[in-house]
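Have a look at the structure below before the remarks.
Letters A, B, C and D mark the chains in the order given here, with residues in each chain numbered from 1 onward.
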Amino acid sequence: MTSYFLKASQFPLASVCLQLRYSSGRGSGSRSMSFQKNSNPSPKLQFQLERVPHMNDFFPNVPSHPNPLIHNRHFHALMNGFFVHDTDMVARQVAIDTSDPTSQTHAYFPRAGPRERVIYKPEDVKAAIVTCGGLCPGMNAVIRELVIGLWYQYGVRDVQGIQAGYRGFYSMEWVPLSPKVVDHWHKIGGTVLGTSRGGFDLEKIISSIEKSCCNVIFIIGGDGTLRGALKIMDEVTRKGLRVTIACIPKTVDNDVGIIDRSFGFQTAVEAAQAAINAAHVEAESTPNGVGLVKLMGRYSGHIALDATLSSRDVDCCLIPEVPFFLHGEGGLLEFMEQRLKANGHAVIVMAEGAGQDLIPREGENSIDDSGNVANLDIGPWLSKQLKQWWKEKYPDRLFTVKYIDPTYMVRAIPSNATDTIYCTLLAHSTIHGAMAGYTGFVGGVVNGNYCYIPLDQVAQAKHFVNVNDHTWAWVRSVSNQPDFIKPALHATTIDG
Amino acid sequence: MTSYFLKASQFPLASVCLQLRYSSGRGSGSRSMSFQKNSNPSPKLQFQLERVPHMNDFFPNVPSHPNPLIHNRHFHALMNGFFVHDTDMVARQVAIDTSDPTSQTHAYFPRAGPRERVIYKPEDVKAAIVTCGGLCPGMNAVIRELVIGLWYQYGVRDVQGIQAGYRGFYSMEWVPLSPKVVDHWHKIGGTVLGTSRGGFDLEKIISSIEKSCCNVIFIIGGDGTLRGALKIMDEVTRKGLRVTIACIPKTVDNDVGIIDRSFGFQTAVEAAQAAINAAHVEAESTPNGVGLVKLMGRYSGHIALDATLSSRDVDCCLIPEVPFFLHGEGGLLEFMEQRLKANGHAVIVMAEGAGQDLIPREGENSIDDSGNVANLDIGPWLSKQLKQWWKEKYPDRLFTVKYIDPTYMVRAIPSNATDTIYCTLLAHSTIHGAMAGYTGFVGGVVNGNYCYIPLDQVAQAKHFVNVNDHTWAWVRSVSNQPDFIKPALHATTIDG
Amino acid sequence: MTSYFLKASQFPLASVCLQLRYSSGRGSGSRSMSFQKNSNPSPKLQFQLERVPHMNDFFPNVPSHPNPLIHNRHFHALMNGFFVHDTDMVARQVAIDTSDPTSQTHAYFPRAGPRERVIYKPEDVKAAIVTCGGLCPGMNAVIRELVIGLWYQYGVRDVQGIQAGYRGFYSMEWVPLSPKVVDHWHKIGGTVLGTSRGGFDLEKIISSIEKSCCNVIFIIGGDGTLRGALKIMDEVTRKGLRVTIACIPKTVDNDVGIIDRSFGFQTAVEAAQAAINAAHVEAESTPNGVGLVKLMGRYSGHIALDATLSSRDVDCCLIPEVPFFLHGEGGLLEFMEQRLKANGHAVIVMAEGAGQDLIPREGENSIDDSGNVANLDIGPWLSKQLKQWWKEKYPDRLFTVKYIDPTYMVRAIPSNATDTIYCTLLAHSTIHGAMAGYTGFVGGVVNGNYCYIPLDQVAQAKHFVNVNDHTWAWVRSVSNQPDFIKPALHATTIDG
Amino acid sequence: MTSYFLKASQFPLASVCLQLRYSSGRGSGSRSMSFQKNSNPSPKLQFQLERVPHMNDFFPNVPSHPNPLIHNRHFHALMNGFFVHDTDMVARQVAIDTSDPTSQTHAYFPRAGPRERVIYKPEDVKAAIVTCGGLCPGMNAVIRELVIGLWYQYGVRDVQGIQAGYRGFYSMEWVPLSPKVVDHWHKIGGTVLGTSRGGFDLEKIISSIEKSCCNVIFIIGGDGTLRGALKIMDEVTRKGLRVTIACIPKTVDNDVGIIDRSFGFQTAVEAAQAAINAAHVEAESTPNGVGLVKLMGRYSGHIALDATLSSRDVDCCLIPEVPFFLHGEGGLLEFMEQRLKANGHAVIVMAEGAGQDLIPREGENSIDDSGNVANLDIGPWLSKQLKQWWKEKYPDRLFTVKYIDPTYMVRAIPSNATDTIYCTLLAHSTIHGAMAGYTGFVGGVVNGNYCYIPLDQVAQAKHFVNVNDHTWAWVRSVSNQPDFIKPALHATTIDG
């Protein structure tokens, strides 16, 4: 057993069960066994210390060295409190219902930060950084800080950039990175390394890693990318390669689970304001003007939701998590009519994944390049529906719909200050974790604290807008938005 | 015993002590007594449910009514999960050291949100809103949302704006507010209501409140303002006036304790980037160029710290929490010389409260208008010191210092999206609390969750940069910033 | 002697003809006759003083009064040079070919500015302001300044806002405007008065003007609107109504002739940068990435051209004035292939009116609501063409096209400083002209000088990109953009 | 006949004198003689073609070559109208008083643009670029475009960057520049080459130029820099060195004469809005709040003036060209009192050179480093005066002054779109001129047309705000700003 997890008996809550949830396949049973000792027969409040894989799990007797940070000329790492210990943990759940605490599981993740001892000497590290998937504000900030942190804090001098996503491992030249090269990257949108979808060829990637003798790999990408990283992790383990896999989740949709939010999200919400403002101005400047804005969010409506809450100029926010319908009592059109009557204009913000069940799907485009059911474009469809509806109902009255799709202008920009600081600390957290020996993990923020989360958990967890929660309810109360309950259902609800 | 707190016996952690910390003077001993039942003789892990005053504490048998939100035409509040219960609590502490959990106290605050029953009928509410102290991004957003929430969610029609801070209660006309009036305020910097320092005349304020029959007062201000609010709360209690006091902390310095951060802080950090960028460009564009930026922060360096971390162009960040010195080994000038030699330029960001011990204090201006020891202006002082030092050391070499004080440009702007959403939810949270009967409280965010915190706690708590914590250490490692340890001390530290 | 300077004898200025061009129908022949005296029998260099209609032309003996500006308390208008005289003129043509000056006509317009005498007393003015057509940055700034100038400079107190364009004259309530009402309008995009297309019913408008006793009408709109204004001017003249018609051209496309540029244009060019930046980042961040941006410009490519020149990240700029073709030697696709090979990415900016001859026109949508041939959407069409071409040519290579249409985000924003100052001086110029008795005119800038231009001239004049001029050639040289000359033509050109 | 149009007979154009003004010392008498032929004994309207020095003037029989632009693969320069001829001229004066045209001189400058023949072969050019003086938005854009234009249009491959101003010629390494190096520079503020004041050592500079064999020098700087360039030009001429001197005026103050405006000026005016907005918000948010903003402008108030006109929130604009006084009737304080009474707040914008006669000058700092009379800081002085005045007059009333000096934040930023396009065309114009053989010239815009102006003229000409002109009068009428006329004078004026 590694020393950095509490033995259950050390945890002086007599009535607490320490239970390690550690997905099979990621670590052998024996390693996780020791955490499953349940010293108490009647567990009530469940504490669960999340197990993050460590190189020690796979390579017994990995030697460790003092953290090079202690030799830094300018600051003195020996002061009290500088190093984080493996017993420092961060709670996943902070809001509890004290009327029934037994129903809740309290998971804890290891806190991120520099450890006193690391498993790599500077001169032994050959690091690689890859970015995959669509663009997101802050990607360059993350890359820059990985290079800066490895170079200045840990003395690593061999950092390679993989170009254009996973395919870059085997089909393109690797780009040597240094502080000088990346110095101004955080002020550029997109990713200077390049990115792409697909191109995940496990065999070629592993072969390329072996050939290059690369031993610390930083992978920045969304859930698909993280699942790829898991496969690399498995294969590396299977082959007995001593390679650290460290990930940073990237999704402008903010739909990765467990972590508070993904980097770039705040920037995207801020940038979306310009589109909503324009839609609002267009709508207000003409009789019966409607402004439509489509924002990112295939499966979750976080950007649409937050952009709506921060704009204060939106009448209705449509997200994938909440079904709606157009015609009839309680429908969107009825609501729009009321708003237009009251204010003379209205603004709708919709996530791209909203209303997929309403849009007629034609045969040809039902499957996209990745083999998934293709997303249908709600923007033009809803725009057309609104115009048809009005023309039939009020053929003589002015009515205009102005539709804006600001997607690329929202995501292909540099991170704002809030996100840059986040990217910075994410990157440094992840470096500390990798140097300390963690592997198969992501660096993330949980309840405001940087910590390490098992990669397999993050790769699975989806983060939806909780429509039963207060935030969504508040949005609706704040904007007086309908909940699109059909009359029959509605009656039931009222009765209930 | 009020119904909204758990009885200790209901809390099925046998080894847990429930202890109510409730400052004397705010509530009577009898009310808090019931929470001090300690069912377990050997408490180890301390749970503490924070007691927020409630009108019921002062006026027994305050009648309650169904929340008017259930009658909202558009959305249907009856769905499961909409209303928040008094047993929903939010943890204050989320990062724990599992090696010694007994050393930690776990405080919980009531979660914010609409309650099923409220103590005010819409037509009985006469609300007033006042803003005090210096400007901060988002003040108008908070005011706007208080008006919007009271009006649309709770049907309140009598909302008054108090002009120019506390003095406005008795010396200026009150301004009737409505959704139409405040509609675009969130896009304006400052506070349309006006603000000022001082003017706190308890007697006149109370008299004005009594005369106006105002019964729900929203006070937005910093720690001084909150202490004033406490006095109003005490006096109102003493006089038996049925007046709700609800506060929202405002401090661009982010130096109010307990809450995650104050509103407007993220906007200020973002806005500060323009000043740092300008300083960096000026410094880089000339040989031995030094850029100096002074940011807000009399007692805490949060803005300077976050602005530094998000900029990535800063060589040194000076904050009140960390002493520094100029001359000699390990001093600022030595550090600057190294940086200038290495890069040809350097950027220093300083909080206004940094280095107060170094600046010679002349008799005349030692006391400011409020009777406090006046802050000395570090900007011009440090600028002069740098020039003198260089002129003496390298009289023939070019050297320029460009000093920027962007204070008003950082604080007199509208909130960005991140802060507007925060202001919105803060305001709505606070309304829900006031309508539900809480009083003497502030609405705030703790670990990402909106909750209610006793006013007296927030009025006392200061939020400093924890220089023993990882964030500060990381800043320093990230920027390779010195820790200004004098050689002797240094040696000791190393030995230690 | 160097060859590039004219010998004095080559410059045949001895014989100059002053000729007034004044369109028949706007003023009577007798008035213009007197300007056609040709004192020289062999005119070579033609000077032409443009005749702007004046109320005196239609109502002999219109009384005049001293300009109320002389009574302004704060500044003293009597100083030398304050008032502009009718003999102050502004040249339309400033770049001349001195090798053949006889070929050129030199037109001069009356300079704008306050006149010593005005034809309206403050209390006699009933002014109305109307905005028509699509949105453009600065509309609110113009409206605001018309109100401010009339109110503070000329003491006018009856200023009415017409809502939603021409139809607002007869179908909506007029809105009384005052400095207090319009105070912050210049910081809002769009037009608070509202606007719309169509709704021009001459009879109803005239009837409404008569009924309202409105006597000074400010009309802000594009060429269609100005042609409507001409009709109003004619009808008002025909009916002998003493009504001043003063116009300010509005077109975000910058396609109104004679004037240097239309207000809002600089703001739009600035705003377009965000879209081009995003397209560039998207293109650069992926292998063979193409960014497409569609900008406004149905008949002229000014926005596309200026946005291209100021961005420096654009590979190709397509405008209506320059035909292009896709396939074959010298075509766009060949050019794109070269750029992708050279740089790995490319950015195309296109005006919405470019390539209309290439896009297949389907029967149904050939006529738009105004009866014109409908514009076809080049964006999706070109995007599809590019994808098809690549797929056929390189089925195995990555290729992405990211298409951005930022139209509303470019036009529905407030004017930037450059445009606000322009709107301000335009509005004040126009007021001075109207008060001095000019009518049937527009206020505009010609070669940097504010002046008055006959309405009929501006309503006809189109401003295209001069593709034979240096600017366009420079764009192309600067971006190395092709001129899409088909091989055969090309050969001819070379031969010629 | 209306009185405001000239009769043809009043326009004495029959007799025109062509006169070349060419300052002695720059070209030999013989060259200019030929232009002084006066074919008419009674000159009335004076035409003057400005003589720009040409290498032919100094080196007879300089060979010329076809412009390499004709070989450009992508566009075809042979089309009609592409090349500019030496007979293409641009008028300096466009607004004339037709009542007395004889009083006016009409100067014409050669139009900028590519010539059919150039004097340099690509492989023979060794170009150098230097930036001097203070920062200004757009410097990097100019540098970038010089490199781009030389490289891609003229095939030049040897372009050197001189670091840190004139001193860089002899004391620092030269930096080879290429399109790859400068690609993103236009998005960076300041100058990547570096700049400094002083360091002008003619002998060392000439010696360095000789040693390097550099033959085309681009100098970017303000009036001091241009006077230095003149000295280099003279010395180069004296020594018979075949070196082209081409300049681009740089002054954020916009105080260089002849040209319409200097690059970066529009960006600075735009950036100043943030400071004025902040001052306005601070002033409005508190009783009797005064916002003070100091903007650049030692000798001319252009930035203050334009920033005032575009902001619409300024009560008073103080510029060097207009004296003011504080106390007594008609003074600033009286005006402020009126404004505070009327509105409760006020905003003052002042150019740094305003009120220099009012500020007490203390012995020590009367001479600055350059030997000039030092500028005194009006900001803190006026701030103090205002506070003292109020304290004496209304000791019991609130009064706050918020002073903002945004200088570096206004100038150390990248150029906006309007300025970037300007910098681009300026740089390309200047390249075309240098390649065509012009020397001792600046590229500039006159009445909207790019042209070449003799260096000596620009180095002398100052551009002040014309306080007798309409623009200033309008500012004052627009803001109702006082003209600070002392009562006695005032009476006289009224009487006159």
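Simple rule for what comes next: contacts are C-beta pairs under 8 Å (C-beta built on N, C-alpha and C of every residue); 3 or more make two chains touch, one makes a residue touch a chain.
Computed from a predicted structure; not experimentally measured.
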{"item": "Remotest chain, chain B as reference, centres from CA atoms", "value": "C"}
{"item": "Contact-pair overlap exceeding half with C-D, pair selected from B-D, A-B or A-C", "value": "A-B"}
{"item": "Whole-Å separation of chain centres (CA-atom averages), chain A against chain B", "value": "28"}
{"item": "Chain A and chain D: spacing of chain centres that average the CA atoms, whole Å", "value": "50"}
{"item": "Gap in Å, rounded to a whole number, between the CA centres of chain D and chain B", "value": "47"}
{"item": "Touching two or more other chains - residues of chain A", "value": "none"}
{"item": "Chain D-facing residues of chain C, complex", "value": "1-9, 11, 13-18, 20, 31, 34-35, 37-40, 45, 47, 49, 51, 54, 56-57, 69, 72, 74-82, 84-91, 94-99, 108, 110-111, 113-114, 141, 144-145, 148-149, 152-153, 186, 260, 266, 269-270, 272-273, 306-307, 309-312, 335, 416-418, 420-421, 424-425, 428, 446-450, 468-471, 473-474, 476-478, 480-483, 485, 490, 493-494, 496"}
{"item": "Partner chain D, residues of chain B touching it in the complex", "value": "135, 164, 188-192, 194-196, 274-275, 277-279, 281-282, 284-287, 398, 402, 404-406, 408-409, 411-413"}
